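Per-chain residue numbering starts at 1, and chain names A, B and C are given in the order in which the chains are listed.
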Amino acid sequence: MKYFRLIWKNAWRKKIRTSLTILSVFVAFLLFALLSAIGYAFRGGVDVADAQRLIVIHKVSLINPLPMSYLNRIASVEGVQSVTYASWFGGFYQEPRNQFGQFPVDPQAYVDMYPEFNIPDEQLEAFKRNRTGAIVGQELATTYGWQVGDRIPIQATIWTKADGGRTWEFDLEGIFSSDDPRGSTALLLFQHDYFEETRAFAKGTVGWYILRVASGADPIQVANAIDLQFANSPNETKTSTEAAFAQSFMKQYGNIALIVTMILGAVFFTLLLVSGNTMSQSVRERISELAVLKTLGFSDLSVLGIVLSESILIMLMGGLLGLGLGWVLIQGIAQQMAAFLPGVFLSTTAIAGAVAMMLAAGVLAGIFPALKAMRLSIIDALARA
Amino acid sequence: MRGLNQILAVTWLNLRNLPQRVGSSIVAVIGVAAVVLVFAAVLSMAKGFERTMISAGSEDTAIIMRSGSTSELNSGLSNDQTLIIADAPGVLKDGDATVMSAELYVVVDVKKKSSNTDANVPFRGVQLGAFDVRKNVAVVEGRMFETGKNEIIVGRSAQQEFAGLDTGSKIRFGQSEWDVVGAFEAGGSVSESELWTDVRVLQGAYRRGNSFQSVRVKLQSKDSLDVLETALEEDPRISADVLTEKEYYSGQAEPLSEFIKLIGYPLTILMAIGAVFGALNSMYSSVSVRGKEIATLRALGFGPISILFSTMIESTILALVGGALGGAIAYLAFNGFQVSTLNGASFSQVVFDFAVTGDLLIDGLYAALIIGALGGLFPAIRAARLPVAQALREL
Amino acid sequence: MSEILARLDGVSRVYQKGKERVEVLHELNVEIPKGDFIAIMGPSGSGKTTLLNLLGGLDKPTAGTVTVGGAELSSMSNSQLSAWRSTHVGFIFQFYNLLPVLTAHRNVELPLLLTSFSAKERARRAAIALDIVGLADRAKHYPRELSGGQEQRVAIARAIVSDPSLLLCDEPTGDLDRVTADEILRLLQVLNREHGKTIVMVTHDAVAAEFANRTLHCDKGTLEAKEAA
């Protein structure tokens, strides 16, 4: 890389101009990082979904409950390794805007169904033993500053208690984390038994079932078999893989991916204009120097390469800085947004894509000036000077 | 006055030789246009959504739900409770009958036409008073459903956005089949995203017994809300929240609208910062190209202030052109474009249009103005401070 | 002095400017012996710069052949010419043409980037070249920090750093005052007499021409010899 000094020095020819161009690139890639991460959240955790897990919901709508009696019937379907359930509690903590997932579950079965959740054994045991116990995900604990031993009151909006009250209180017995940094832990889990005996209505029902397909069994076949079991009954089911379920849910928000792509498109178009302009000015003002390089014996191609390298270098400097800052900010943002938009994450695919774009943008912004440099006639250039 | 003349003269000169600096100028204009375009496009979603939601709510209709419910879906009222409301003070009566509609809705799966994916659509059971308690609702195609039958009328927006809802078609939800007998319009409001049927039939189909979720009742006057509220508070048989429909829908719109703004404003600010860098770049380049010309003007006696202001004015004008361009594109491309999205609060789809409103466009121009001013300031100072003798000497 | 380094045989150079046909050089025959120091004088537009360009492989004749050091330049491709130039010829221009973003040392090193020498070797050779022109103490200065004469010395150092046999100078003292010009010309003489470089120098300045061994006059595309004093 003996040409690096030449490329570097030329890039910084006009310090203000180069700095401002780098800053423009910086902003563009910072935006890219942030928008990718948010767009990722709208994929609904599709990437973390376990291919062997299926979700069973009421066919008419997610909000219709399913009978508890389905538990054993699902378990008996061929290919089903294990099955458990959860329901949507839908309450809030202190203020209506503090909403997050609260699920009444069968503690051991649920934790077994989601092996990516990590919780110390003694905390899990304490949860199992305590009728009014609950465990929360690390994200929630951090957001609200909860610690094991706290008493957490949740205001129910749907589920009034049999005694007419609305406040459900839980003892925090444990905090769980997720193996996968992309997965969300904005969740509060409590005992289904407590839920069942305390709620005023809809007894004997659950919100949905989660099951694990035995290895070797085809998830789609198992899903169809389950739905067939309950076809034409008062409560028909719709079974899909966790990924498909997450995706169909997020798709309801609309084509977020398209919107993000369009915005980034506008940003990059502008970026190319700015850098392209910088590069063409940079080449225009040193035509005679480039001619001299050629007289010294630098080939036409090497002159093209020198100009393109300059353009790519500027893109990389600004881009990597922007990407870096974006990554740092996302760690904080993901935490803040965990409650209402979980899964904000900058994936490695996105990072690789960004770097590829830096290179591509560097080439695109520099190609016309570089070609001009490559093709310049030494004699004419020197004569003009 | 002489100062102003100088400024105008130099500004005119600057603008006249702008064609020589086309490259840099276009870059600045497009940079600002992109910012305003994205700003207008994203925030028009929030505006459109809000408008759809809020235009639904009238101030002289009260909506009553069980106390503590964050939305209709979470609420539950018994038949007796609806009767209590019907006789409460403050409600408007038409002869002996109260102008009201006790309602209940469920969420059903219908396919979105645009993406062919499932969407949750509100399927609402209403009483005949539903048309009286709301503004501007009318059946515009086919006919009204008959009570006691599995007949539906569909909101116009829902019909456009979702598949299988044409008048005359049959649609199956779960175990039951329904006839689509007509379509209704409701001034473009959120009600048009819904499917309506007789509440008794819905209760039966979905095993809801005799329960409802909400009661909408026409108030005697806008001030009757307090009277009604107090009466219900004092009645031990019912524990309910009383809001005007307008307040209710504003609350429903808030989360999504706030979310869009939460993303939209920072996004715009970041892009604007980028545009400022772009504008600075363009203006610095412009100043350096004009170096000799500026020095000549200074030598002729034009003061540094005229150079400073004229440079800033040039930058601002370029930015405003960009802002107008971005706003125009946003308006032409997005205004009136129909989309639907999931409103978390109601757990169902709301169909709305992008609304590129006048105040958004004006905000966009303000943003452009600021970008132009910031982008021109430092280059302008440099231009004003250019050492005259040196500049004249340089080639 | 009997070996011929460069020769032009029947060289013509014609430019087509729209409908106009301009013949800058007309059937020129020149022989340049190795180790010679030739000055070429003549009015503007007489073709002297074109002659220099042809000798350096920067331009190709419309007719005839150009041969330097045994290599027939007129039949080489552009990339072959680039490669040939880097080792066989050094250029010195009227306006120095140093890269403003590099120090004197780095400017001199520039031609060596095209070789496979190590960084250490490149530094050594550049230092030698700067030493020959007497600017070793200015190695770390940027062109803007140097006087006109010093810049030209750096340019000369750059021209000799890859040890080419032929130096082509286009008005090397055109932008310098008398005293500095004489210093530069004396340096060129040293390069010619002590280092054996063949030098072809185009100049307007009759005094400068006297530093050369002989002068040729270029007029309307032809060359005539005139013995220098």
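By our rule, a residue touches a chain if its C-beta (ideal position, glycine included) is under 8 Å from a C-beta of that chain, and two chains touch if they have at least 3 such contacts.
Remember, predicted model here, so these are calculated numbers, not experimental data.
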Exercise for the section: Find the chain most remote from chain C, comparing centres computed as mean CA coordinates. Expected result: B
Problem - Chain occupying the most central position, where position means C-alpha average - result: A
Problem - CA centroid of chain A to CA centroid of chain C, Å - result: 63
Exercise for the section: Could you give the separation in Å between the centres of chain A and chain B, each centre being the mean of its C-alpha atoms? Expected result: 26
Handout entry: Separation of mean Cα positions, chain C and chain B [Å, integer]
Key = 72
Practice task
Sort out for me which residues of chain C touch chain A in the complex.
Solution key: 49, 53, 56, 58-59, 78-79, 82-87, 91, 93, 95, 97, 99-102, 106, 110-111, 113-114, 119, 158
Handout entry: chain B partner contacts - residues on chain A that touch it in the complex
Key = 16-17, 20-21, 23-24, 27-28, 30-31, 34-35, 38, 59-64, 90, 92, 96-97, 155-158, 166, 232, 234, 236, 248, 251-255, 259, 262-263, 266-267, 269-271, 273-274, 277-278, 280-281, 340-341
Fill in the blank from the handout: Interface with chain C, chain A side, in the complex: residues 2-3, 5-6, 9-10, 12-13, 288-289, 292-301, 378-379, 382-383, 385
Completion exercise
Interface with chain A, chain B side, in the complex: residues 23-24, 26-27, 30-31, 34, 37-38, 41-42, 68-71, 73-74, 106-109, 114-115, 117-120, 173-175, 206-207, 255, 259, 263, 267, 270-271, 273-275, 277-278, 280-282, 284-285, 339-342, 344, 347, 349
